[in-house]
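This is the structure, below, for whatever I ask next.
Lettered A, B, C and D in written order, each chain numbered from 1.
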């Protein structure tokens, strides 16, 4: 038996959660856009900057040695958080940068040619779509996509037909940032492996909720963003299998990733340094390590049960309100506590404004997933997304506010 | 008459400057590697994260609106710091990222071909060298370099001969991070303009010391790093003329830089957003704005006089010590307070270790400028670099320590 | 909820439902058709303006978006109709109106829109306190500005 | 300055000045030549090892770097000379030594190098407290490890 999860104790670590909006307590349901940061993370970064800050990997002086150690310890902590080794963890400025690195490096390496195919899903965030479009345009490769069923799950039968001999890359989200559905990673990896294609996992929306073991997942490469897992902005991770990273050339170049440089030519270090040109996000790495240490130290089973309860309450609550249409409404798959929806007759922007007046912060718009919205006949939707600090009461406040939307805007059933 | 500069008041803003190393006060002479951060910067970032943090440019909710305003105000402040408009200021993760963006984008745009030439200097930081090597290798263009005289100044006669009809890009440092000499920007721009070449300025080492007016300087593009101008890691700026940025395609792609996206194709926003794929370094932008506001509010004339005095003391002091050879020792050019040197008979690493035992933090190694070191017959040097918070006493402590180096290591004249 | 009610006045919700000028008219001899988009929220408008003898002869539009953007477009048409009389508003006057409208909306609640000048559109005054919504309210007006430049 | 003096013991400065085994010998029948570089500080070494009948017959080297890296290479040669006797140290013993040396240097001052086993190289114990310098001290030893693998 797991103990009930102590959400009050968790909340106490987040200074911003005490904010009031127009006299009402803030209900922050926009964690999928960016998460709030616990005190531990803010303190870790500030402590570092006030006591140990110096350029890493370069100096003989005391601070430099201290900073280098903290920085490399941070790499080990974050690598461990996703199940990998420090050598497999490349710092990036975020998931978008990681995906561009992979697509760009494959392009520079000449790994794609005319006739080759790249497969993504219809549920892609633009960050896992446009870099592949650009790579396809530059190489003559063809970009194809796995369609999404009406309930939001991937059309795996179609995937089987799509992934074939020509497929060189299969890139997909672990969890779509609109649908909240956990995609069948093992099945997609199996399909890709059977044709020798590289798999690239967008783990942005799974990392804040699920326990990740990337090496065991079978994917070749994966990306995530620090600011979505209780860490700072401007840092993220690219994880890759040793032999996969080893075969990739650098995407960007500069200091700290070289061995010998002449005016004519440079030789590059092995991974991960090969991909880390220039001064790295040092204080952010240390803060991100604090984030994953904090998060990892929670009772993850109890935390998961808490989030699962939030998810059900959110989805079932929305379902029971008139005129609400859910995006990705299925019991046939695992989900995270994130739900996008459309309010019939009221534009998403107006819904968001109404909820804001009740202190409820949600995201409105296309959530960087225009193709997916188009597939559901929408240009925008409203998305509520919870985090480990969200309470059932907050979900209820949100649901209560949503019930008032159509009345306020004079839409009658 | 300018008032004497109040360095004690400045120092009081830097918590880390109170550190003791083995019972001796820290003398931080490694600001050219990374600068320390004043309280204002640490506070601005923390305040933001505790009270207003939210995803920018995307939400209708209160925090999102607040965050967006602060973020765009920050852009305006940093743009203003270099003399530009907000539309001309692209956020990057640092100078290296900015230079890779420019070189990569020129490559994608097909702006360089076989037979074209790119001109850099022999005094380049690897960040302003390797991206051009890579671009040259990918396009068939030729990379050439302006040599450096024995005294560290650029061989402008050679530059005149080198920059010609085939030249498409001239990239150079405003101030070399090893030589500390201010390069003749106007002359180089004139040469480049006369042949219609694009100019790219690496302003990493000038931004912390000189007042910048990039539009007036005549360059087309310029980069700088936040962490060297009292701001956070993981952020920097790329400044460009409107028409120059406008003609560049994106280097990386993803969310927030598009208008319409289909599964097949994306359309991009105008600059600066076109170059800002993915979640931006929001809290870092706000903190960097705090840095330049703090720095900009100092009496810059008095500050400059203070730094000029430090520079003279540093250079003249080193000159007077036996067995010291300065890199870039000239009175024939403006300089910043940064001096690299070689101690005859003692390896730079050992010098650094010795100075560290006296509490003095300097940088040792090739400082990401291997070709320049090779040109002076060295593989490594020691570099002392001051900032606005450095005192004359600190320079003296440093000089005193340097005088003891050869004795300790048993090197006799 | 007074903030919200001042933002979404009855008049705004009415205009958003009964949109004046909605449905593109056939292009005239001196007409321009402009497409504007708010990349942040996806609001879109296609606006057609017909200019005749230095006057705004007709404005029609199509589009999708939040109630603020829809109401604002509708109110703009109503204003041009009412103030322009039979011949239509002089283009110079329309340009002045747009500039004043922009100034007020960007004033963060400092400059109200007066009913005398802006008619029903004065109800949009409340928008200027919501910086994230200013672009929604401006969409049709920016489209008209661009159209007048082209026509 | 006791920290500094324990790092730079007399013996270290001596070895750095009078380097044992400096200058590459002619390659033997079963020799390997290895180049190692410390990308952080630019220290470089080229080391040649000659293996004969499962024993380290000779080691010579060239290189440039800080006194720690130079002294460490010199001390390594001295140790092999003294402990190996006329026939040279068995390669398995050399490998064990290298492993122990690495363990001690990475121990952050926890594991000292004993003189019995490491001879003059025991003077490098102090390095293990300076994490930034561990690579300097390891350079020659890593080169030998690689050389034994190849020879």
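Convention: a residue touches a chain if its C-beta (ideal position, glycine included) is under 8 Å from a C-beta of that chain, and two chains touch if they have at least 3 such contacts.
Note that the structure is a prediction, hence the values are computed from the model and not measured.
*Asks:* Check every other chain and keep only those touching both chain A and chain D; list them.
*Replies:* B
*Asks:* Using mean CA coordinates as chain centres, what's the gap between chain A and chain C in Å?
*Replies:* Spacing between the chain centres: roughly 39 Å.
*Asks:* With chain centres defined as C-alpha means, what is the inter-centre distance between chain B and chain C in Å?
*Replies:* 46
*Asks:* Just the number, please: Cα centre separation of chain C and chain D in whole Å.
*Replies:* Here the centre of chain D sits 79 Å away from the centre of chain C.
*Asks:* Taking each chain's centre as the mean position of its Cα atoms, how many Å separate chain A from chain B?
*Replies:* Roughly 31 Å, centre to centre.
*Asks:* Two or more other chains touching the same residue: where does that happen in chain C?
*Replies:* As it turns out, chain C has residues touching two or more other chains at 40-41, 130, 133.
*Asks:* Do you know which chain B residues sit against two or more other chains?
*Replies:* Chain B, residues with two or more chain partners: 22, 58-60, 64, 258, 260, 349, 353, 364-365, 370.
*Asks:* Once you've mapped the touching chain pairs, tell me: line, ring, star, complete or other?
*Replies:* Contact map by chain: other.
*Asks:* Report the complete set of touching chain pairs.
*Replies:* After working through each pair, the chains in contact turn out to be A-B, A-C, A-D, B-C, B-D.
*Asks:* Going by the contact rule at the top, pick out the chain C residues touching chain A in the complex.
*Replies:* 1, 3-4, 7-8, 13, 17, 40-44, 64-68, 130, 133, 136
*Asks:* So in the complex, the part of chain B that touches chain A is made up of which residues?
*Replies:* It is residues 15-16, 19, 21-22, 26, 28, 30, 33-34, 36-37, 42, 46, 49-51, 53-55, 58-64, 93-97, 99-100, 104, 108, 122, 125-127, 129-131, 133-134, 138, 143, 145, 225, 227, 232-235, 252-256, 258, 260-266, 277-284, 349, 352-353, 355-356, 360-365, 368, 370-371, 374 of chain B that touch chain A.
*Asks:* Show me the residue ranges of chain B that touch chain C in the complex, using the header's touch definition.
*Replies:* For chain B paired with chain C, touching residues are 57-60, 64-65, 68-69, 258-260, 269.
*Asks:* Which stretch or stretches of chain C touch chain B in the complex?
*Replies:* Touching chain B: residues 37, 39-41, 130-133 of chain C.
*Asks:* Applying the document's contact rule, which stretches of chain A touch chain C when the two form their complex?
*Replies:* 22, 346-350, 353-354, 357, 364-366, 370, 379-380, 408-410
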